[in-house]
Amino acid sequence: MIRVTDLHKHFGGVHAVDGASIEIKTGTITGLIGPNGAGKTTLFNVIAGAFPPTSGKVELDGEDITGLPAHELFHKGLLRTFQIAHEFSTLTVRDNLMMVPPSQPGESLISAWFRPSAVRKSEKEISDRVDEVLDFLGLTHLVDERAGNLSGGQKKLLELGRTMMVDAKIVFLDEVGAGVNRTLLNTIGDAIIRLNKERGYTFCMIEHDMAFISRLCDPVIVMAEGKVLVEGPADVVRKDERVIEAYLGVGRKQAAKHEDTAPSAQGATP
Amino acid sequence: MIDVANALVLLSNFVLIPAITYGAQLALGALGITLIYAILRFANFAHGDTMAFGTMLAIFLTWGMQSLGWSLGPLPVALLALPLAILGTIAMVLATDKVIYKFYRDKRVDAVIFVMVSVGVMFMMNGLVRIFIGTGDINFADGSRFIIRAREFREMTGLDEGLALRTTQVITIVVAVAVMASLFWFLQKTRTGKSMRAFSDNEDLALLSGIKPEKVVMVTWMLAAALATIAGVLYGLDKGFRPFTYFQLLLPMFAAAILGGIGQPIGAVVGGFVIAFSEVAVTYAYRRVFEYLGPEGFEVDGLMQLLETEYKFAVSFILLVIVLLVRPTGIFRGRIV
Amino acid sequence: MDDEVKLGIILGFSGPIESLTPDMADGAELAMSEISDSGNFLGGTTVSSVRADSTCIDAAAATAAAERLISAEGVAAIMGADCSGVTTAIINNATVPQGIVNISPSATSPALTDIEDNGLFFRTAPSDARQGIVLAEVVMDRGIDEVAVTFTNNDYGQGFADAFVSAFEGMGGTVTLSAPHEDGRGDYSAEVGALAAAGGDALVVLGYVDQGGLGVIRSSIDTGAFDTFVGGDGMFGTSLVDNLGADLESWYGTVPGSAVGDDNPWPAVADAAGVNHEGPFVGQSYDAAALILLAMQAGGEATSEAAAANMLAVANAPGEQIQAGELARGLEILAAGGEIDYVGATGVEFSDVGEPDGVFNEFELIDGSLDTVRTR
Amino acid sequence: MTLLQANNMRGGYGKADILQDCTITCDRGEVAVIVGPNGAGKSTAIKAIFGMMGLREGEVTFDGETINGLPPQARVEAGMGMVPQTNNVFPGMTVEENLQMGAFLREDGGAGVIDKVYELFPAVFEKRYQHAGELSGGQRQQVAVGRAMMTEPTLLILDEPTAGVSPIVMDELFDRILEIAKTGVAILMVEQNARQALEIADTGYVLVQGQNRFTDTGAALLADKEVRATFLGGDQS
Amino acid sequence: MSGSSTSPARVAADQPTLWQNPILLFSIMAVLLAVTGFAQSWLLALTILQLCIISAIMTLGVNVQWGYAGLFNAGTMGFVALGGLAAVLVAADPVPEAWVAGGAGIGLSALIICATIAAIMLVRAYLNGLLRFLATIACLVAGYIVFGQAFGPATEAIEAVNPAQSGYLGGMGISILFGWLLGGLLAAGAAWIIGKIAIGLRSDYLAIATLGIAEIILAFIKNEDWLSRGVKNVTSLPRPVPYEVDLQTDPAFIELAANWGMEPNALAGIVVKLAFIALFTLVLVVLVHLAERALRSPWGRMMRAIRDRPDAASAMGKDVKRRHLQAFVIGSAICGIAGAMLVTVDGQFTPGSYQPLRFTFLVLVMVVVGGSGNNLGSVLGGFLIWFVWVQSEAVGFALVNLLSSGLDPSSWLAGHLTQAAPHLRPVLMGLILVLALRFAPRGLIPER
C-alpha cells in the first residue's frame, strides 16, 4: 500500500532520515520501532506531508505522493495522529469529531448561508456517526467537554476517534502509548485491532512499549540512524542481535521476567 | 584617483554616516523591543513612548545642569544626565510593571492581551509626556555640534566634496557599540543573562531550575528601560526631541526587530542597520557618484535614483516583505511563539 | 442679550502638527481676551473660548469634535480647523449644515476656494497657488535659477510645490528635484541625500518650521548639502534660528501680510501677552478670532449670521485701519456705526469668497532676526 | 522524620478540586512511585508538592519544615529537583546550556556533574551543541532528566521520565535512579511504565480521582490482583 | 504583533458572568449614547453613532481574520484606504480633459502590464532552468522600461490638467453606494494577492508583513496622484442622502420643523444623520447576520479548528492555506466596505488621514476589548471604543476646566493645564483600555 524508496531528510547537517526504504502492506498493522532519534517521527512527517523530503519517493497504491500536502493526503485516505496529542482545544469533543469528515456542504460559505437544509441534513448524518464513535471509545459522557480539558489519555483516544470518522485506508499512529495508562492502552489496542479487522484499516505505528508492539504488530520494522535495520515478525525482531544492542538492551534484571513473557493478542481482547 | 576619493567622500557624507548613525539608533530601540518580546513574550507598543519618557527626563536634568553652569566641553551635558535619566526611567517602568503588567502576568493571559495592555500604556505615556514637556521640538544638545564641517573638510583636503562629522554621530556610534557589546556579553555569559534566556524559553522550567521569575522580569524591564533611554537620548541629541517623532519611530523599530528575527538581539541590531541603509541607500540619487567614477566629462541625465524618496518608508517595508518571503522568520531565525 | 459668548477653537492639538497648534490657540485666545477685556463688545459681553481637538488627520473625530462645539457647547462661531482635510470635513458635515461660521487660520488648499459654504467659511491664510508664484519671483529676483524643492507631503505642501515649480520653471528657472518629506519623522537623511545629489543653488522648503521642514534644513546644514534656504509661510518663524543658531546663514522667503509694514505692532502685542508669535499661523489665528468678533459687533449680535454677513465689510476697506492690539478701538468704531478695515497681525484683506487675496512679505534672516525686506 | 510529607492535599486549577485528600510521602534513599489512570491528578499532586499551584487544604513539609507558602524556586534552593511531564527543556538553548541551567543555583556551575550526565546519556553528549528544541521526543526526555540531576537535589521528582524513551534507555534510567537513591536521595516518580517502576519502588501510590486508592510497597502492589487488572494493564502475561 | 499562535480564545474559560450578557451590555451602550444625547446634544450622539456603526463593521472584518482564523492582520489600514479609494473612483465626477490628456497612455500602460504578464507566463511555460529565470527577468525589465515610456508621460499629462482643482482622472460619477460594493471588491482583490504572498507567514511575521504592505498601499495612494489625487485630497464627494442645506431651504421641511417645534437646522442635521445611520445599520445587520451564520455553521467550526491547531486541521484534510486566504479576503473585503462607508460619511478622501494607530491598532483594540471570536462582542467593542475615543476628547477638556476653575486664568499652572487638556485624551483612552482588559481579559462578550 505504502512504499517508501530511499528516503532522505536532512535538517542542516543532521541526517534525520538517511536512505530509508520501507513497505507497508495492505491490511497489516506494521510496527515501527527504533532508538530515540532514529528518525521515526521524521519519516512519518515526510510520508504524511508535514514537510517534503530532501530526496526519495513515497508511493501510495502505486501513485507517487511525495511532497503532497497533508490535506490532500487525507483525501486520499491517509491519516495520521500526533506524538503529542493535537486536539482542537477550544472545540468540544463532539466538534472535534464533527469537523473531520471531508467535503461537508456546510464548509462552503455559500451553502452555509443559502442552503441551510442541506447543511442540516449532513450535520445530522455526521452527528450520528460521532455518537457511534464516541460510544465505541467510551467517551460519550465527555461529548460536550472542551477537548482542551481532557486528560492525556483521553486526548489520545480522541486522536484515534478522528481516524474513525472517515473510511481511512491507512492510519499512522505516532506513540499512542507514551504516557497512557496501560489499562487504557489495552483498550486502545483493542480498538486498533477491531478497526483493522472489521473495517480493514491498515496501520503503521511507532511505539516504544515492546509488549504492546508485540501484541498488535506484524511485521515490525526497526529503524536506527535514519535507516531500516531489520524487518520481520515481532518475536523474530526482538531476538535480533542488532536490535537488542541498539534498542532493546539486554534488559534489566528485575524487568527481565516481564519482558520475556510472550504476549498474546487475544489476551485482552474481549 | 581624486575622483574616486570624491565619490567615496560623497557616499560617506550622504549615505554611510547618516545610515550608520540612524541604524545604530534604530538598533538600540529595536533591541529593547526584542528583549521584551524574547523574555516577557509580547510586542511592547509602549517602547517608543518609553524612549520619549526617558529622553524627557534627560532633558529636564540637562536643563538643570545647564542652569548650574555645568558643561562637558565639546560633549553634550546630556551625557551626564543620561545615567540619572536611566534610573528615573527604570523606576517608572518598574512601577508600570507593578501596577499594570504584573496583574496580567500572574493571570497568565494570552500574549495578545499583553499587546493590548501595552497599547493602553502607550496611550497613557503618550499623553503624560506631552503634558509634562509639551509637544514642541526641543534641541538639548550643547557642546560643539561638529567635529568637522563639510566646508572645513573641503578646505583641508582640497577635495570637491565635503564630509561633515558631528559630535553626536560619533557619540551615537561609540555608545551604541559599547552598549551592544555589553548587552551581548551580559546575555550570553553572565548567570543572570543566561537565566533570562532560559526564562524566555520556558518559564515553568525556569522556576524549576531555581530562577526567580520576578527578578528576571525586573532585570528585563531595567535593561529595556536603559536601552530605551539611551536610544532616545542619542536620537534626540542627533535630531532633536519631539514626542510625536518618538511615537513614529515605533514602526521602523518593530520592522527592524522582526526583520532580524524577533527575540534575537543580534537580529535587532542587524535589522536596525538594514532598515536604515535601505531607506537611505535605495532612495539616494547616485548621479554625482557615477559622474565621479565615470570617464572624464561623463554626464548622467537622470538622477540615478532607484526609487523616489516618497517611497522611502515603503522601501524598508518592501525589503521586509521580501526578506520574510525568503526567510519566513527573519534573518536570524526569530522565535515563533 | 447674553453676557457671555463662546467661540470654538478647533485645532490639531494631537497628531502631526501638535507642536504648532498650542501657539495658534493662544493667538486666537489673545484676540478674544483683548475683546472681552475691552468691555466694548456688544455692550460688555465677554468672550470665552472652547477648545477642541481636530487631530489634523482624522476627519471623523474632527467632525464629532466640531459637532460637540456647535450643538453641545453652543459656540457662536468656530476658529479653525487647521489642516485642509479636516477643515473640509467640518465645513461639509458640521458648520455649514448648522449654519455656523468658521475661519481657518491655516488651511491653504486651493480647493477650499470653491467649496460650497453658503458664505460661512473664511480663512486668513492665503491659498497656496498665489504664494507659489510670489515665492518663485522672490527666488528669481535674487538671481538664483536652479533650486531643489522639498515639500511636506500633504495638500498644503503639494499644492504649494506644484504652484512654485510651475511658476519657477515658467520664469526660466530649473527645479532639479521636487521631493516630498513626511512630517513627524526624525530622520531625513534619505531626502537630503537625494536633494543634495540633485543639486541646486538653494533649497526651497515648503513645509512647517516645527516639523519636517526643520529636520530637512538641519540635516542639510549638517551634511553641507545646501547653504541657502528658501521657505513659505509654514516655515516662517524664529524657532528655526533658535534651533540652528549661527549655522543657518542664508534664509529668506515669503509670508502673507501686506499692509503691515515694519511698524506692525503684532510682535509687541503678542510678547506683552506672553504669546509665542514666532511659529507659523499664530498671527492668522489672532486675526481669525478677531475678525469673527468684529463682524459680530458690526452685525450687533453674537451670531454666525451676523458674523457671516459683516465679515467682508470688516476685513476690507473702506474704513479705519485696525492693527493688532487695537481691537478695542475697532469695536468702538463699529458700535458707533462706523466702518473699519481690519489689518490685524497679518494684513488681512479678503477676496469676495472670504480669503486673503495674497499680498506677501518677503522676509530675510539678517543678523539673527527675521526682517521684512519687501512687500509683494 | 521523613524528608517529604505532603498530607491531605486538596486543590485544583479552577473551582473544582482535582486533588481530594491526597497524601504522599518520601524519605531519603527511598523510591516512591505514583501510578494511576490518566487524569487522576498525578501531575497535579506533583505540582502541588512543588508549589506550582496553590492548595486549598493540606500541608507540605520538607525536611521537617512546612513549605506551603514557598515559591518553586525557593524549593529548588531547599534541595528539591523536578522533571515536569511536558515542556521540560529549554528549546531555544543548546543541550549543554540546558544542563547548565539545571545547575543554576550551584556555585560551581555543575562542572563535575555534567560529565556524569553525559556518561549516562551518550546520545545527549553527541547533541550537546544542538538546540534542545530540535531533538527527538526521547532525546528531549533524556535532556530533561539530565537537567534535573544537575542540581544534585536531596529530593528528585520525576513526572513520567520514561515516556517515549527507548527500552534500552529506560532500563539505564531506572538503574541510575536506583543508584541515585542509594546515595541517600529521595526519589518521587510518576510512571505509566508502572510495572518496571513499581519493581524498584519502595513505596507505591495508586491515585484515582485525586485520592489515594492503594498505598503499599511496590512489590505488594504488583502482586495485588485488582491493582494489576485496573491500573497496570491487566494480566497479559 | 504578539506571540500569538496561541489561539485568541483560551481553554477552560470560566462561565460567562452576568456582566457578559450581550443584551445588558448593548443596553448600557445605548444608555451611554442616550446620556450623550441628553447631556450634550442629540446631533453629537448621532454623529458618534454613525462612526460607531462603521467601526463595528471594521471590527467585524478584523474579527473574521483574527477571531475566527487567528490571522494577525496588521494591515487593516490599507484595506480601509482602498475602500475609500473605491468610493472616489465610483462617485467622483469624471475629468474628461484628464482622460483626453492621458487616458490613452494609461490604457496603453495597462495593456503593457498585461502583455508583460502574458510574456512571462509564456516564458515560464516553455522554458526551463536558468534560461527560464533569465528570460523572466528580461521580460520584467523590458516590460518595466516600455511601461515607463507610456506611463510617465500619461500621468504627467493627467496631473497637469488643472492641478489645483483636479489633476487626476476622476471617478465614474455614479452613486457612491456602488463605491461600497467596489470598496469591498477592491479590498478583496488586494487581499487575495497579498494573501497569496504572505499568508504562509506565522503570527507576528504576518502582522509585520501586512503592516508593511499597508504602508506600501498607502504610499501608492499618496503618490499616484493621477489616480487618487494623492495628498491633495478629493473632497465634496456626493452623498447618498439629502444635504442639510437643501432640507433647510425646503419650505415643506421648514413647516414640518415648525410643526414639531424644532429648529430647522437641528432637525435637518438629525434627519440626515438618521438617514446615514439607517443605511449603515442595514449593512451592519446584514453582515452580522451572515457572520453569525458562518460562525455557527460547519465553516465556523472548521475555522476554529484551523485556528486551534493548523497542522492537525491540515492532517484532517482541511486546506489550511486556502481557508486562511478565504478568511483574509472576506475580512479585508468587509474592512474595504467600511472604508468606503467612512469616506461616504466624511464626504472626502484624505490619504493623509490613514494612520496605523487609528485604523489598525484601534480596530484591533476594539476587537480584543469586545471579545475576539464573538461577532456581537466585536461589534460592541467597535461601539464602545469609538465612543470612548471621541468622548475622551471632551472629557479631557472638561476635566481641565474643572481643575483650573479655581485658578487665576493667567497663572502659569492654568496655562499649563490648558495646554495639557488635549493630551488627557490619550491618557483616558489608555486608562479605559487597561481597565477594560483587567475586568474582562477575554473581552466583554467572550467567545461562546
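Letters A, B, C, D and E mark the chains in the order given here, with residues in each chain numbered from 1 onward.
The rule we apply is simple: contacts are C-beta pairs under 8 Å (C-beta built on N, C-alpha and C of every residue); 3 or more make two chains touch, one makes a residue touch a chain.
Only a predicted model underlies this, so the values are computations on that prediction, with no experimental measurement involved.
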| item | value |
| --- | --- |
| Each chain counted as touching subunit C and subunit E at once | B |
| Required minimum of steps from subunit B to subunit E, each step between chains that touch | 1 |
| Of B-D and A-D, pair with higher C-beta contact tally | A-D |
| Subunit C and subunit D, separation of their C-alpha mean positions in angstrom | 75 |
| Whole-Å separation of chain centres (CA-atom averages), subunit A against subunit B | 50 |
| Approximate Å spacing (C-alpha centroids) for the pair subunit B, subunit D | 46 |
| Separation of subunit B from subunit C, taking each centre as the mean of its C-alpha atoms, in whole Å | 35 |
| Contacts with two or more other chains, residues of subunit C listed in rising order | 14, 18, 22, 153, 180 |
| Subunit D residues counted as touching two or more neighbouring chains | none |
| Residues of subunit E touching at least two other chains | 10, 12, 222-223, 419, 423, 425-426 |
| Residues of subunit D touching subunit B in the complex | 50, 52, 71-73, 76-77, 81-82, 84, 87-93, 97, 100-102, 104-105, 147-148, 151 |
| Subunit C partner contacts - residues on subunit E that touch it in the complex | 39-44, 47-48, 51, 54, 163-165, 167, 222-223, 230-233, 235-236, 243-245, 248, 265-266, 268-269, 272, 342, 345-348, 350, 352-353, 355, 358, 389-390, 393-394, 397, 418-419, 421-423, 425-426 |
| Of subunit A, residues touching subunit D in the complex | 11, 14, 33-38, 41, 83-84, 150-154, 175, 178-186, 208-211, 215, 246-249, 251-252, 254-255, 258-259, 261, 263-264, 267-268 |
| Complex interface listing, subunit C residues touching subunit B | 14-16, 18-19, 21-22, 153, 177, 179-182, 184-187, 189-194, 196-199, 210-211, 214-215, 218-219, 222-225, 239, 242-243, 247 |
| Parts of subunit D lying in touch with subunit A, wherever the complex brings them together | 36-40, 85-86, 123, 127, 130, 134-139, 141-142, 160, 163-172, 174-175, 192-196, 199-200, 229-237 |
